[in-house]
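Structures for review follow.
There are two complexes below, and they share chain A, which is joined by chain B in the first and by chain C in the second.
So, the complex of A and B:
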């Protein structure tokens, strides 16, 4: 469970202070599928980095499963990320010279107890994203959509509670984007908590709940009523933009 | 083990970019190869020095007539060193096994019937053999009685024996030294040639008294060969002898000595001196290669940290601590220098073997260079790896993953 209270984040560069988050509060329960929406530059990634324990708020409180994240030191944050959070980035961030297999198993390097059946776990994660036959491929031998799926498999390998995806379809064509979104849907159905950051209404529609950010504040926090399968709507949504 | 896994990550990263890895390694390879060759040459030179010392006699001190600092030849015209000096050394200096006085002259014509030759004549006392660890291989040595009676007997070296008598035994035969007839009573063991090519075996020993009074007509000696009982006392004996002769010769501090004292140590130092220049050049080369190699390594690592920012950020995001990143980059640096060391040692060994085959430079292969090289590899790898590793560890994942 995620609970944030009055989060504020101000970037100070030189004499300039840029307030980006100005008092964000919400709560996300286990198993939710939440989209954080907003136009570019509103602080979505900033919020995402705080939720992912990569960054700390200037003020405010962040409870992750009753742990006050603000009180943890750098090493503890690393362990927490390793254990509870899976990241998916817009730019994939795969190791260019390593195979899909090695990329997927990367988080396991940093676990406390190395599992015995790493191969099997990696195979399972790659199967979950439909890349069983691409285990030994390197990123430059894969399409963008396939690379992002390797990245999702990497986020899954430690079976984290929360998957944080920052514009996961941002660098993909429409078809690959849909494939990626259908994977998130499946993961959600399997019980993962998913937080998706996007500026794209159509992508956000895939979630159960949308939190809209504007000028560093939440302007909207609503549940989506699902009458139709949003996968079919995505095309319309993009055309409307 | 987490550490093991991180080590493997570092090694995998090196393997994934072989060209970069090679450039990082090059300086270490050259430096360690140079170090290996230098040490092989150093040990070779040292072995030669030890041989010199062995040849001189490790426990020997020579008190030589005539001033100056160098090794023999002595100044044969200096007439201040006497038998009384030798006697005084025996009486007054502690820790001496023998102190054997002798006088000699070079290039003395010697005849045996129609055969003739020239040789160096040594007028010696009976303890000469012991002082030089050089004994007769045939017949008898010069005896105390020979010295007491001014006997006209001699012991000759193998070259002289061969020159005058061929393969026949010379024992009991007569030779003429400066027209004085001597009976040959013994033949010395073969000693070979000196480092500068003098034939040690072209000589004749005669009793000291016979030599001084009958042949050379002089009341002074050329040198005293002193042998100390214990190697540890060589410096103190040397000091005592110097002081004693100083007093006996009434030399003022402002005056130059009329004698020299040469010990095995000095002989060793002198032999070392000649091989010094080349190896200091090579030491400079090795040091420079390691230093330049280290700086190159550091810079490539720094560039690599820059290029791999996203990788580092990603590792941090999936759970690597700062220490994990620091450790991985140190591992990469150390793996480079240690592999460079192995290749460099191999290359150095090959060069040493080639030197051994094709030149006269003395070389000795041993394990020490490997140990030292490993030490250097660890040192260079750590010293030049630490800064890039720190830089990598200090990166903020949020900044580099944007």
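So, the complex of A and C:
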């Protein structure tokens, strides 16, 4: 469960102070599928970095499963990220020179107890994103959509409670984007909490709930009546061709 | 533990940047290779010197007339001294119980001639005992004897170089040569001794009876040198003492400094060994400095690597790497670099030494301590110079690092 109260974030560069988040409060329960939406520059990524324990708010409180994240030191934050959070970035952030397999197992380097069946875990994660046959491919041998799916498999390998995706379809074509959304849908069904950051209303509508951000504040927080189904759309798309 | 998990990945990263990896190791390779090679060459030179010194004779004590001083690696007499005479040898033999054999000697460069062939060579006048004392073997013909010495016979024993210069491949025994204007019969040829520690040809000499040389060639009554053999190796210093006391008495030196210089094989050995060792140390040290430069090479490459891989660092932090994991990873990569550089350096040094020996340019002896020292020094160099880049990498804030890409 994620609970934030009066989060504020101000970047100070030199003498300039830029307030980006101005008092954000919400609660996301386990298993929810939430889209954080807003135009570019409204502070979505800033919020997401805080939720992902990559950055700390200037003021305000962040409770992650009843842990006050603000009180944790750098090492504890690293542990937390490793254990509970899977990241998916717009630009994939894969190790260019390493195979899909190695990219996927990267988070396992940093777990406390190194599992014995690393290979199996990686295969399972790659299977979950439909890339079983691309295990030994390197990023430059994969399409953008496939690269993003490798990144999702990497986020999955530690079986994290929360998956944070910052514009995951931003660099993809429509079809690849839908494939990625289809994977998120499946993960959501399996019980993961998914937080999707996007500037695109259409993408946001795949979620159950939308939090709209504007100028560093929440202007809307609503449930979506009619969720889009990526599988249906993919099916349609294929029939049309 | 996380080390080993990361090993394959680090290796992959280094392997994909082959040229850069190689360049960063180059300094270390050259440094370690140079240390190993130079020490091997130094040890080879050392051994050669020791061999030459033992070639000089057995339980040898040398008395030189006058005070001598080492100039440009050679012993020089500082002033002309005429006080050392053949009778000193006889007196030493009768009065010094630690001395078994004594051979007075004198030498000078003279022109020699056979038929139309001319040469300049070192002519040594020596009594027959000089041969065993100095380990000079005559391989063909014969040695002159005491009778021939006393009779001032004009007989000569040639070194191999002289034979080559005057006779080519012909047999010199029984031929008649001229030393200066004096005709001599060649009666023997010595075994080759090669060059001495200073690189001088030891085979370019003619040995004639001492009395013949003093009277017929040089026209002097004094000698330059006494070659003496102590009764055993332990008696060298005792022999020196006895010889000094007898010579001082015979030369009436009460209250005056010695007019001769005594050396024995052990002191010669020691001083030669010291020189060659300090030489090795010096050059080895210079090579060590190049290792330091190698470390700086690693520093530069690691700094570039940290900058270039900022995104990767951010990603690793995002998926759970601690600061110290990042630090250790870069340290490990520096260690892998310097360690492999060290191994390659050792291999190239050893290969160089073997090739040098094999081609016969220079005898080399691989010194395992130098191999270990070179290797460990290079590895620690890499780790030490890897610390700063590693700390820089660890210091990066995760979001800043992620944003960098």
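Throughout what follows, the second predicted complex is superposed on the first by the 226 of 241 C-alpha atoms of A that agree within 3 Å, B and C clash if a C-alpha of one lies under 4 Å from a C-alpha of the other, contacts with A are read in each partner's own complex, and residues count from 1 in each chain.
Everything below uses one rule, namely that a contact is a pair of C-beta atoms (placed from the backbone, for glycine too) under 8 Å apart; a residue touches a chain by one contact, two chains touch by 3 or more.
Note that the structure is predicted; figures quoted are calculated from it, not measured.
*Asks:* Overlaying on chain A: chain B and chain C, fit or clash?
*Replies:* When both complexes are placed onto chain A, chain B and chain C end up clashing with one another.
*Asks:* One more residue to check, A:55. First (chain B), second (chain C), both or neither?
*Replies:* Both partners, chain B and chain C.
*Asks:* After lining up the shared chain so the two structures overlap, which partner does A:79 touch, if you call chain B first and chain C second: first, second, both or neither?
*Replies:* After superposition on chain A, A:79 lies in contact with both partners, chain B and chain C.
*Asks:* Could you tell me if A:111 is touching chain B, chain C, both of them or neither one (first, second, both, neither)?
*Replies:* So A:111 meets both chain B and chain C here.
*Asks:* Show which residues of chain A both chain B and chain C reach, each in its own complex.
*Replies:* 49, 52, 54-55, 74-75, 78-79, 81-83, 87, 89, 91, 93, 95, 97-98, 102, 106-107, 109-111, 114, 154, 158
*Asks:* Spell out the part of chain C that touches chain A in their complex, as residue ranges.
*Replies:* Those in contact with chain A are residues 1-2, 5-6, 8-9, 12-13, 16, 311-312, 314-323, 325, 397-399, 402, 405.
*Asks:* Which residues of chain B touch chain A in their complex?
*Replies:* Checking each residue of chain B against chain A gives 1-2, 5-6, 9, 12-13, 16-17, 310-311, 313-324, 397-398, 401-402.
*Asks:* For the complex, which residues does chain A have touching chain B?
*Replies:* Those in contact with chain B are residues 45, 49, 52, 54-55, 74-75, 78-79, 81-83, 87, 89, 91, 93, 95, 97-98, 102, 106-107, 109-112, 114, 154, 158.
*Asks:* Can you list the residues on chain A that touch chain C in the complex?
*Replies:* 49, 52, 54-55, 74-75, 78-79, 81-83, 87, 89, 91, 93, 95, 97-98, 102, 106-111, 114, 154, 158
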